[in-house]
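One chain, chain A, links the two complexes that follow: it is found with chain B in the first and with chain C in the second.
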Partner chain A sequence: MKTKSIRALVVLLSFVGLAGCAGSVSEPEGTGGPLGIDPKTGLPILGDDDAPAGRSYKAFGGGTLGSDRISGAAGEEMKRVKPYSALVGEYARVLGKTPALLPTFAATFSEPPARWFFEPEASAVSVFSAYRAAFQGCLDLTATDAAYATAPTPTTAATECGKFASRFWTRTAGSAEIDVCVNVATVQTQPETDFRRKWAYTCAAVLTSAGFLSF
Partner chain B sequence: MGLSARKLSTLLSLAFGLLALPVAAQDAASQRCATKLSITLSGKAPSSSLLSDPNPQGQVPALLGLADFQEAFARFINGAFNRGPGTTPEEDASYYLSKYILQNNKPWHELFDGQYKVAANGTEVQVTADPEGLGYFRSPAWLKRYAGNEAAGFKLVTAYRLQNNVIGLQLAAATQTPGVDFTLDGRQALGCRGCHFDSPFALDKVARVLTRRTGEGNNVTFTPPAASDLPQTVLGGIQISSDKDLVAALVSSDSFRFRACRLAFTFLYGRAETKLEAEVFDRCVDAFTADGRIQSAVSVVASDASFCQ
Partner chain C sequence: MSRRHHISRRSLIQGAAAAAGLSTVAGSSLFNRAFAQAIPEKPVLLVIHLGTFGGYNSVFNSADSFTAAGDFGAAAGNITNLGNGLVVDTATLGSMPDFAKTHMASIGMRHEQFQHEAAQRAVWGDGTNNFGIRLASVMGGDAAIKCALMGDTTPGDFPKSPVGGVSLQQIRDMGPTIAALGGGAVDPLTPNRDIAAGGLTAAQQMSGDSITKNPVLLGTVKEGYATSIETLKKPVRTFNLAALQSAYGIGTSTTVNGFGSKMAAAELMVEAGANVIIATDGGDWDTHDDNNGARARRSMARIMPSINTFVGRTSAFADRNVVTVIMAEFNRSIPNSNHNSGMTATVVGKYVKTGTTGKTSAAANLPPSAPKPVAFWSYLATVLKSPTNPFGANPHNLVL
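Take a look at the complex of A and B:
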């Protein structure tokens, strides 16, 4: 079981990376005009040359405020890691109930002390814990539906992966994302003999990706 | 000459965006927007009513009136204004007073210059009216927390914290460098005197108009500044004779308004504004200047189409 979990985590981490990069754009600055079309929103990705200068604000003793503003395309640096306080409701929203393990993970997800705030950050421990909670929730989610009573095939996996993505990410998965998910379902879970657990692993991989853990 | 970012954004949205999206995609976009708004403004998952709203950004004003936002923003401010959580609740004076300001719809500058006191009353921390108050800057626990340890009792740490909290001044302390001379003579040396004596925010000059510290820890007491030290000229030519004068100059500046909107961006995005967001930033400053409420600053940024793109 432990071996299976570790194997699943390895698969998961590659999946997290893929989902986290989906739709992001890295282009040289100063190209002028839109850098491309964001596949998720359909909106043009604008570069610095498109940025209005904005007003200047006077600093004490002369000088101008805002000179430290960073460059970059619109839409960059938009994603943040969901805090524990939000995950409690978010798991319940997409799974129908909160995984029983989750309340024990407040410290793992760096829940800040009273009256305090810090920006949540993902770590190997928090991602693995998120995967454990997701797998527990996904075992329930795949426990009775007939769709999960047989082993995943490339066709059924593609269908169910799309459903998982829509449900957990609130967006349609791209073909590359579906391919990775299908690989999880049909290849990476081969050592697992229980069909429903195969689906639960697949479900958990999608649920532990950046599409769900960030906003 | 060209289009403003807002107009451009609107046109592009019409050309490439919402009108071109199928209904299901519009629903998904609205739900993602609802999730982002809810987690950002309250730290919690979205309510079912927000999730089902085709225009969740229309609910921003209502969300800013909820207790969840007041709690989240007060925590954020406390985290931004201090190096770490207080060792006692009353040391987190900026948390309590910012929450009070939000709950009572007060102008943001009162966080720094309002006639309040934040102090423990039994097991609770309360905000009370105090004619001698200066935001939370004269509240006992805050005064002690940032009294510092300068040998002659000049409150250099307080001088920095006042300016940091109100306008976001950032200085790197050099007192951790091995062998550094942090006496008055040392602070006047080349390399130190810039921050301590020569800059518009000169810490030693500001500290001379503040009360002076005697003792340490719980035994600390404060005495008025020496008459011979008053006034001091700081902030690029402004004369001040007290902490109140300093704060009055700070909150009437561009730096204060700029700070308010940078806080709004940082709260909403987890980072400062970018060059591309200058136009939204300017509207944020306009809204904040118009009514003085930090909620107005946050509302402009959170309501802009770019927030949910």
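Take a look at the complex of A and C:
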């Protein structure tokens, strides 16, 4: 008797649930194309009605279930700060070995206790620590290659900056990014007299960019 | 204008020299005091928030409210009258250094929120801005890190967005923090600070596209670049890490995780010139059913030694006006130590007048007329002698 009552209740609730959903599905939203291209991001600007393949469901209260959905441009908010556990492998992947300093930065990079997860966040100290680790790793990277035995020039710096970017960011650097990197190599490092250290500073700047520190 | 400035500087130097010389010759306490008062005091606020989801039992800072019924274990024999209506729990707040016991106030506020998150939002912000970060942005000073979080623990619902160009910077390890401030050992692997500032500026520029497209998820990266570059441009600071580790009994550890290390790091940031320092203790503070106060007392007993060390040491800093606050999102209620609609905070500082505006009823309630949390922040700005108070009038008249 008790089992029958529960079954009846489940069946009744199922019908109510179906009525609440199936009876109130609206047409898919989004019929037009993008409103334009955002000059800031280079991404398409979608209007409120242009969310691709989105559906709106009426709620029991008369509103829509998507009314509190946060809208944003397509392609935005896709990146995350790399956690320490990822950085350990990432430095080794791009440099060939892990900078010796890195393990001392586990807490600074917010390494969570075992079986815990924290969404990593950067800070002034973690950014500078990343630069220190990068500089140490880059000193090794530039220690023997003949390309780093002479002072950077605008031409050689542009070439090497492009190589650093491809290696660290897994993409081709834009011309503006190359210009910034060349400026580090040829201007910012002027106080440094050791050519290989000049290249290491240049390498460290690229390796401390969001192209490497996030994914 | 420049003439007045010239005369003022000369007068100040002459006056200081005269005072110093006379005090040396005659041992004059009058001149010693006048000279001491001429030292500019940098205001610093430390806020200790009890629990990611917690509460601050008012048996500690309104102890006499509970002796009649014996709630939360209060009794005539375990309370201390500090004067001007302020009666505290002897074993905890009554164990603080003499400076604290003569410069302590209980400040009450009502926010009418009974859920942790809503109450945390109420005591920490106005719905948009974090009051602590906002205060840090108007307190002046020249430190690059003006608002610092000890470790990475915050109250559960805690606004973190930058205010007035000041962002909340996490201090998770004292070693790398000291290195960033310029106080670490220098070796061939240490980058030149000027070149590093230029390198990070370049990294910031090369990250511009990613940061623009990910303003929320990479928001801390954006703030991290800006503050680290600013830090590298400041004069280097030296710190005595071993002395801090010894004072707070944390061995040789530099990691900021336990409460002792958070207080050690807080003192480090006081020395580094921070304006507002926030430390959240993640212990047992949501003490439901704690009718005899035993759980709350255990938690307080755990953190008091480190708080006492911090207050004892920083109150001796002649060039700092350090204000220390113990608070949570609400008091515990009677019966059953549940959530209350307001909170009584403990405030200790050089310009704090002993007394209370946070005395609760025997039922642990604050009066309906108790000021809102924003008025508590106005009080903090007042006792800090902040050059600007963005929180309106201060109704808590416990100021020296």
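In the analysis below, the second predicted complex is superposed on the first by the 152 of 215 C-alpha atoms of A that agree within 3 Å, B and C clash if a C-alpha of one lies under 4 Å from a C-alpha of the other, contacts with A are read in each partner's own complex, and residues count from 1 in each chain.
Simple rule for what comes next: a contact is a pair of C-beta atoms (placed from the backbone, for glycine too) under 8 Å apart; a residue touches a chain by one contact, two chains touch by 3 or more.
Treat the numbers as computed from the prediction; the structure is a model and nothing was measured.
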Touched partner set for A:206, first chain B, second chain C, both or neither: second
Check whether A:170 is in contact with chain B, with chain C, with both or with neither, and answer first, second, both or neither. first
Output check: A:71 vs chain B and chain C. Expected answer is one of first, second, both, neither. What do you get? first
Quick one: classify A:181 as touching chain B (first), chain C (second), both or neither. second
Classify the contacts of A:118 with the two partner chains as first (chain B alone), second (chain C alone), both, or neither. both
Per the contact definition in the header, classify A:83: touching chain B only (first), chain C only (second), both, or neither. first
Applying the touch criterion given at the start, work out whether A:195 contacts chain B, chain C, both or neither, answering first, second, both or neither. neither
Residues on chain A in contact with chain B in one complex and with chain C in the other? 41, 43, 75-78, 80, 118
Can you list the chain A residues touching chain B in their complex? 37-38, 41-44, 46, 48, 50-55, 57-62, 65-66, 68-78, 80, 82-83, 85-86, 88-90, 92-93, 112-119, 166, 170-172, 215
The residues of chain B that touch chain A in their complex are 4-5, 8, 12-13, 16-17, 20-21, 25, 28-29, 31-32, 35-36, 38-40, 43-46, 51, 72, 74-76, 78-80, 85-86, 89, 92, 95, 167, 199-201, 235-236, 253-255, 257-258, 269-276, 278-279, 281-282, 285, 306, 309
Chain A touches which residues of chain C in the complex? 144-145, 152, 169-173, 175-177, 179-180, 189-192, 194-196, 198-200, 202-203, 205-207, 209-218, 220-221, 223-225, 227-228, 230-232, 254-257
Taking the touch rule as given, give the residues of chain A at its contact with chain C in the complex, in rising order. 40-41, 43, 75-81, 101, 104-105, 107-108, 110, 118, 121-129, 131-132, 135-136, 139, 173, 177, 180-181, 183-184, 187-189, 191-192, 201-202, 204-206, 208-211, 213-214
